[in-house]
Amino acid sequence: MTLKALTIALALPLAALPAARAAEPDVVIGSIDDVSGVYADVGGVGAVETMKMAIADFGGTVLGRKVVTLTADHQNKPDIGASKFREWADQNGLNMLIGGSNTGVSIAMAKVAAAKKVVFFAVGAGGASLTNEDCTPYSIHYVYDTTALANGTASAIVKGGGKSWFYLTADYAFGTQLQNAASKVVDGSGGKNLGAVRVPLGASDFSSFLLQAQGSGAQVLGLANAGTDFTNSLKAANEFGITKTMKPAGLLVFITNIHSLGLEVAQGLVLTTGWYWDSNDETRAFAKRFFDKIHRQPTMHQAGDYSATLSYLKAVKAAGTTDADKVMAELKRMKINDLFAKGGYIRADGVMIHDMYVMQVKSPQESKYPWDYYKVLKVMPGEEAFGPITGLCPIAPK
Amino acid sequence: MSVSLSRTFYLLAGLFALAVPLLGIYPVFMMKLLCFAMFACAFNLLLGFSGMLSFGHAAFFGAAGYVTGWLASVHGWGTLPAILAGTAASALLGLLIGAIAIRRRGIYFAMITMALAQLVYFVCLEAPFTGGENGLQGVPRGTLLGLVPLKSDVAMYYLVLAAFVAVFVFIRRVVHSPFGQVLKAIRENEPRAISLGYEIDRYKLVAFVLSATLAGLAGSLKALVLGFATLSDVLQANSGEVILMTLVGGTGTFFGPVAGAAIVVTLQEYLSDLVGGWVTVIIGAVFVACVLLFRRGIVGELAALRRRR
Amino acid sequence: MTQLFGIPVAVILGQLMLGLVNGSFYAMLSLGLAVIFGLMRVVNFAHGAFYALGAFAALLGLQKLGIGYWPALVLAPLAVGALGILVERLLLRHLYQLDPLYGLLLTFGLALMVEGSLHQLFGSSGESYPVPAQLQGVFNLGFMILPIYRAWVILASIIVCFSTWFVIERTRLGATLRAATENAPLLQAFGVNVPLLVAATYGGGVALAALAGVLSAPVILVNSDMGSSLVVVVFAVVVIGGMGSILGSIVSGLALGMIEGLTKVAYPEASNIVVFVIMALVLILRPAGLFGRE
């Protein structure tokens, strides 16, 4: 009896056995995203939903083959993300993967994409290294990266008169990247960087750091952080009256952050986004479909998942094959015109170039209906936002 | 378990393990599982056989991964030297943390290890060579002794399997040695062990360092298997998971941690596809159920059942 | 301006004040842990989860039932305390005969369950809780601007901490509680309902965490992870103060908050680890903790 039970325990991993393959190969699209962690509201279940919406809108088939999906939660662990990806590539005939949110997980998955020759759309991760040091022939960076976010926000504010900057920087690679990108723009457009305070990740209280920022006498408070670090620091800045003397600038803000904070606290904040639900009739119609299911408005990440899926299917159709090299060539050739982007295109290094929107958060009086949060300060052309090719990516020389 | 039965079982288990690549089981998954099984066995050496609950073992597992990954990718070290260096780094870290932690017992010990591991986590987050929150990526597997290229999953699998068997046998040896008997005596009745003239602090420290070293070996291998070392291995949650693995399988049994690791890793990989974000809640519930209902773990309960018959 | 170690004194005073605010939270949380540990020998790993529950109870009360901040300050801890009593009666009770480590493991699992459920039910981005109307605005202390609400946090925490200390160390009820830890069977023989006392203690300790949660709701975004990031620091505070020492937990909570505040000016990157470094030092020099007796 013992023996039998133990053997069963031992055989448990057999659950990992490959699923039987269908005779007619389907086109397999996967999503590996954060469903249970800090980015779950930004991507998560909503990201899977938009991917499925795109497949449905495309008609559910391509080249006469059925389009099927696989989804998984990487739990922000690179090992889970990368091994799921490898497994799907090895055993489930995966043709394309969307996902990320977390830059660490995304880089790990990009390495798998290169090894297994599977098209990979990194959506929702900020790290610009995905298309520089860590670029691969099969990865595409969609929606935004640290460069585009910092370019948009910093240049708009400096032009509007916010010349001197002080940064509240999350003390890790991502925060540093945001700060550096923003300081470069501030320097280049005649502004001044007065300094920065590096805040440990996940600090529970920001007031001490904010007082230091206030002591600098700068006009602009650059928030080079994200998620709860961002929301808590802005909330504290508001509480201590710092937003009255300094103009807050969000370097990575999602609409869900604004929704959490409320307009009372967030009003006046300048930020950059790759997409906004309330831009035109097409985006509003999409947002309504999404809202009916998820009960939130879609984030730029979720809209990006829709667009990435659609672009991939269009590329497969045009190339007449799912062969990764041919599809990548087609992807880098075509124009992307959908509800996410107009005239967007994928550059040689894998960056998806499209317009970015510099937004200002409305005051409670200006906001007329639920989720009416942003007004457009400036539409920034993609080339300006994402900047020139750096040459760090070997497949895309300067 | 009677001797003959356990021998049959180990024979079957061994055959199964050898045949894994032929059975079509996904080798990367099996390697990851074996790494965690090694980690859990190392942890069990401390908890099950020496009675010390460390709440910070992720520090050793993760730090070794970073050291190995850093040496192999940035400095181009060979596979074996990189693994050994990673393991040695964990041993050193174990000596440092152990020397502080063994000053206290029981829950104090648990909380001290937890806090010190948190310190290691912050170092890994901030240190210049760890790649911060993105981790160290693209760690090459290299070639074993310049002969066997480990790029193939099958070759790597047998290396990990060999390491696992070595750790497993080594732990059995240690537990059955006179040293292991003293540890057992300390666990059962510390004052008596002192009165018998044993310098218990020295014994505890050696046990702690051994456990940290083996945990480090597991972490080093994992970094090579997956090709990266990241923060998720140093997180406090990882320290919690290794406790869960040991507890589910059976503390103080030899095979328990292996079974526990198999269950927890499989749950994490495949359950989340079914239940989405509820997986954390389910893992918490398994924890509670283990503590309340079957404290001896699966293997422990089965063995007890057999003895009763 | 006067300077100390190259830092203006005004800045140091400001940081000490803010440190005191954080210290107030540390003190209240470590106090609850110390009460539970002192009387039950249970290391309550779920303390952070109950802290989050307190904040969520206040938030839900406001959103769904229209219960304001002041009633929530009483009602949320009561509700969470009742839940704590339930947990003690249904789960923890079965572990008293065993190694205290099992209590730690059980509450660890419990914390995962509570925090995971909050995350699933309320999402990951968190929600704002408004500062009550009576406490809006700021004090200008000359050397800094202090929001009135933060001043209130310090005041409330000091009142709560010292009244708890008074009840346990100086009243008859407290004497009975302390007697229960020394010799429960004897106390039972005197006709005291010891199981009830233990359940009430756990409920009380947990209610303290919930109270801290309600107090913090207007300061930070209410989200499911708010407790888990704090609980490890609070454990270190308790170890430094000496496990189970009521006064130790209060004093070291406040003091460590201020030390952390100073680190934030002197060397901000280290502010997350300074508590752990101090803990290691204390353990080397005085293993029982600053106020511990063993």
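Per-chain residue numbering starts at 1, and chain names A, B and C are given in the order in which the chains are listed.
Quick note on the criterion: a contact is a pair of C-beta atoms (placed from the backbone, for glycine too) under 8 Å apart; a residue touches a chain by one contact, two chains touch by 3 or more.
This is a predicted model, so every value here is computed, not measured.
J.: Applying the touch definition from the top, give me the chains sitting in contact with each of subunit B and subunit C.
T.: A
J.: Which chain has its C-alpha centroid farthest away from the centroid of subunit C?
T.: Using the mean of the C-alpha atoms as each chain's centre, the farthest one from subunit C is A.
J.: How big is the gap, in whole Å, between where the Cα atoms of subunit B centre and where those of subunit C centre?
T.: 33
J.: What whole-number Å value describes the gap between the mean CA coordinates of subunit A and subunit C?
T.: Taking the average C-alpha coordinate of subunit A and of subunit C, the gap between them is 36 Å.
J.: Can you list every residue of subunit C that touches 2 or more other chains, as numbers and ranges?
T.: Within subunit C, residues 116, 119-120, 269, 272 contact more than one other chain.
J.: Counting only residues that touch at least 2 other chains, which ones in subunit B make the list?
T.: Where subunit B meets two or more other chains at a single residue, that happens at 122, 126, 277-280.
J.: Quick check: what residues of subunit A touch more than one other chain, meaning two or more?
T.: Residues 36, 40, 44, 171, 200-201.
J.: Using the touch rule from the top, collect the residues of subunit B that touch subunit A in their complex.
T.: 1, 5, 8-9, 12-13, 16, 23-26, 28-30, 32-33, 122, 125-126, 131-135, 137-138, 222, 226-228, 230-233, 255, 259, 262-263, 266, 268-270, 272-273, 276-280, 298-299, 302-303, 305-306
J.: Which residues of subunit C touch subunit B once you look at their complex with the stated criterion?
T.: Residue list for subunit C touching subunit B: 43, 91, 94-95, 98-102, 104-106, 108-117, 119-120, 232, 235-236, 238-239, 243, 269, 272-273, 276-277, 279-280, 283-284, 287.
J.: Can you list the subunit B residues touching subunit C in their complex?
T.: So the residues of subunit B touching subunit C come out as 53, 55, 100, 103-104, 106-108, 110-112, 114-116, 118-119, 122, 126, 236, 240, 243, 247, 277-281, 283-288, 290-292, 295.
J.: Contact residues on subunit C for subunit A in the complex?
T.: Contacts found on subunit C: 11, 14-15, 18-19, 21-22, 25, 116, 119-120, 123-128, 130-131, 138, 144-145, 147, 149-150, 219-221, 223, 225-226, 229-230, 261, 264-265, 268-269, 271-272.
J.: Touching subunit C in the complex: which residues of subunit A?
T.: My answer: residues 36-42, 44, 171, 197-205, 207-209, 211-212, 215, 227-228, 231-232, 235-236, 239-241, 254, 256-257, 259-262, 264-265.
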